[in-house]
Amino acid sequence: MHAAVLTARDLERRLSAEFPEMFEKDSGLAIVEVWHGGCRVRQGFQQDSLRPGGTISGGTMMLLADVAMYVAVLASIGWVPLAVTTNLNINFLNKPQPGALIAECRLLKLGKRLAVGDIAIRSEGEETIVAHATSTYSIPPRTEVA
Amino acid sequence: MHAAVLTARDLERRLSAEFPEMFEKDSGLAIVEVWHGGCRVRQGFQQDSLRPGGTISGGTMMLLADVAMYVAVLASIGWVPLAVTTNLNINFLNKPQPGALIAECRLLKLGKRLAVGDIAIRSEGEETIVAHATSTYSIPPRTEVA
Amino acid sequence: MHAAVLTARDLERRLSAEFPEMFEKDSGLAIVEVWHGGCRVRQGFQQDSLRPGGTISGGTMMLLADVAMYVAVLASIGWVPLAVTTNLNINFLNKPQPGALIAECRLLKLGKRLAVGDIAIRSEGEETIVAHATSTYSIPPRTEVA
Amino acid sequence: MHAAVLTARDLERRLSAEFPEMFEKDSGLAIVEVWHGGCRVRQGFQQDSLRPGGTISGGTMMLLADVAMYVAVLASIGWVPLAVTTNLNINFLNKPQPGALIAECRLLKLGKRLAVGDIAIRSEGEETIVAHATSTYSIPPRTEVA
């Protein structure tokens, strides 16, 4: 496991500054761990993400998968804020109980133009995968990265 | 074009009551039109969905696609709040300018257990598709629908 | 509807020469029509694509979707044999009866680096969509195209 | 790792009998190993699956992913020939060299009505993933399985 180019704290600070929608104070998102080629991101439980039947909304899991992929890409190639998702495919497998979610992202490919990863989402402390996504990011040509 | 089972106003009122996360007063979401097998949903522009480069976040478009699919299913089969997404696949094609988005959903299949649809998202008033999704909903066994 | 860069006959001749696996004499594939941004491709019925229950194999439909996307890309940008699929997502909606299939592909985006399209597959002469796919092709940098 | 319900040899024999298209003598397909919840399937190199540039066709990998998912489902729930793919999503990551391919399938969910799995395809003896798929199978109601 190679070290990430950016630490979890670096990433949180920058993302909070540039993406207040995603990383606002009350969003409940936290980067647990990053490494070259992957990361773990935690979504704390939010009352307003409940759905009828006592489960967590699919939208919450889609956003978490997208954030985890973005964090894994940035942790591996450095700060490239114009990297954008081109595709996300998500399967909802089991209804999570109300509680925190952990997304673990693993990059399957890290090319010059495209990064592809998969993301498994579990309820914190559980083995069962509640949602599984694959995602592609397009990486813009870079003159410098930080 | 057959009539929907529920009107746009019915759906908005029920969704606001049961999914305050999605249909809260300030969400900017509005159901423009529903019919048997499809719908159009509008996402008004929200300052906090901007991303660097002056475009709208992918997360905003994912949530809009998911809502449009849900509205199309409910408009066609009636109020089944436990219908859940099992799969969503989205391609981001062109960066939308800041402004309102229109999602048009068309059900490709409406079976007893599964509904499958595609969703085209455009900037309001434009022809170009900015994102395109396909989605599958699982429909629970019903004893009665309203 | 703009004219295609290559005609259906041009494409069939070239594809037969370079992709004998896909366009061999007995494959049953034929390009029905091409235009700038799309095409229709026909898969004649093949006895060995039957599956138990008297329907046509999913594999047959996947290959047909992939070919239709490739034909639509080539018809629109010219002969670029190194264009490659990067993603294909297919939903199987209804079991087709034994018989010929028609795939209609429509490019949703035709960029410099990526083309994205959707493909609807129907039994010949029928309205019902039996399978629906979306696909992304990566287009290599070109110095010349023919 | 729990034992499979059917052995690799059982499965090959039955699949050859019922799906001559997929498992004919010259197809080059072989089931390497099965267990409860997954399998490994090998696609021997076939001259006619070459594409320009000396790589293996995407179609070959799509069919292999679909077969591996089917084998994993049957190995886990028993012989249910009417189980059908409802969705397959595949990302092509790296061009494989001409040679045999190994697909490893892992079921992420094995429910009563739906099974969802992911499939990693590698060149035999290599670590790099050349294609990655996720797939959903619909499982028909069963009165008995063998």
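Residue numbering begins at 1 within each chain, and the chains themselves are lettered A, B, C and D in the order written.
As a convention for this text, a residue touches a chain if its C-beta (ideal position, glycine included) is under 8 Å from a C-beta of that chain, and two chains touch if they have at least 3 such contacts.
Nothing here was measured: the structure is a model prediction, and the numbers come from that model.
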Quiz item: Going by the average position of its CA atoms, which chain sits the greatest distance from chain B?
Solution: D
Quiz item: Out of A-C and A-D, which chain pair has the most contact pairs?
Solution: A-D
Quiz item: If you average the Cα atoms of chain A and of chain B to get two centres, how far apart are those centres in Å?
Solution: 23
Practice problem: With chain centres taken as the means of their Cα atoms, state the distance from chain A to chain C in Å. | Solution: 34
Practice problem: Report, in whole Å, the distance between the mean C-alpha point of chain A and the mean C-alpha point of chain D. | Solution: 29
Quiz item: Can you list the residues of chain D that touch 2 or more other chains?
Solution: 86-87, 89, 91, 136
Quiz item: For chain C, which residues are in contact with chain D within the complex?
Solution: 18-22, 48-53, 57-59, 62-63, 66, 81-82, 84-92, 95
Quiz item: Which part of chain A faces chain D closely enough to touch in the complex?
Solution: 89, 91, 93-94, 108-109, 116, 118, 129, 132, 134, 136
Exercise. Over in the complex, which chain A residues touch chain C? Could you list them?
Key: 86-87, 89, 113-114, 136, 138
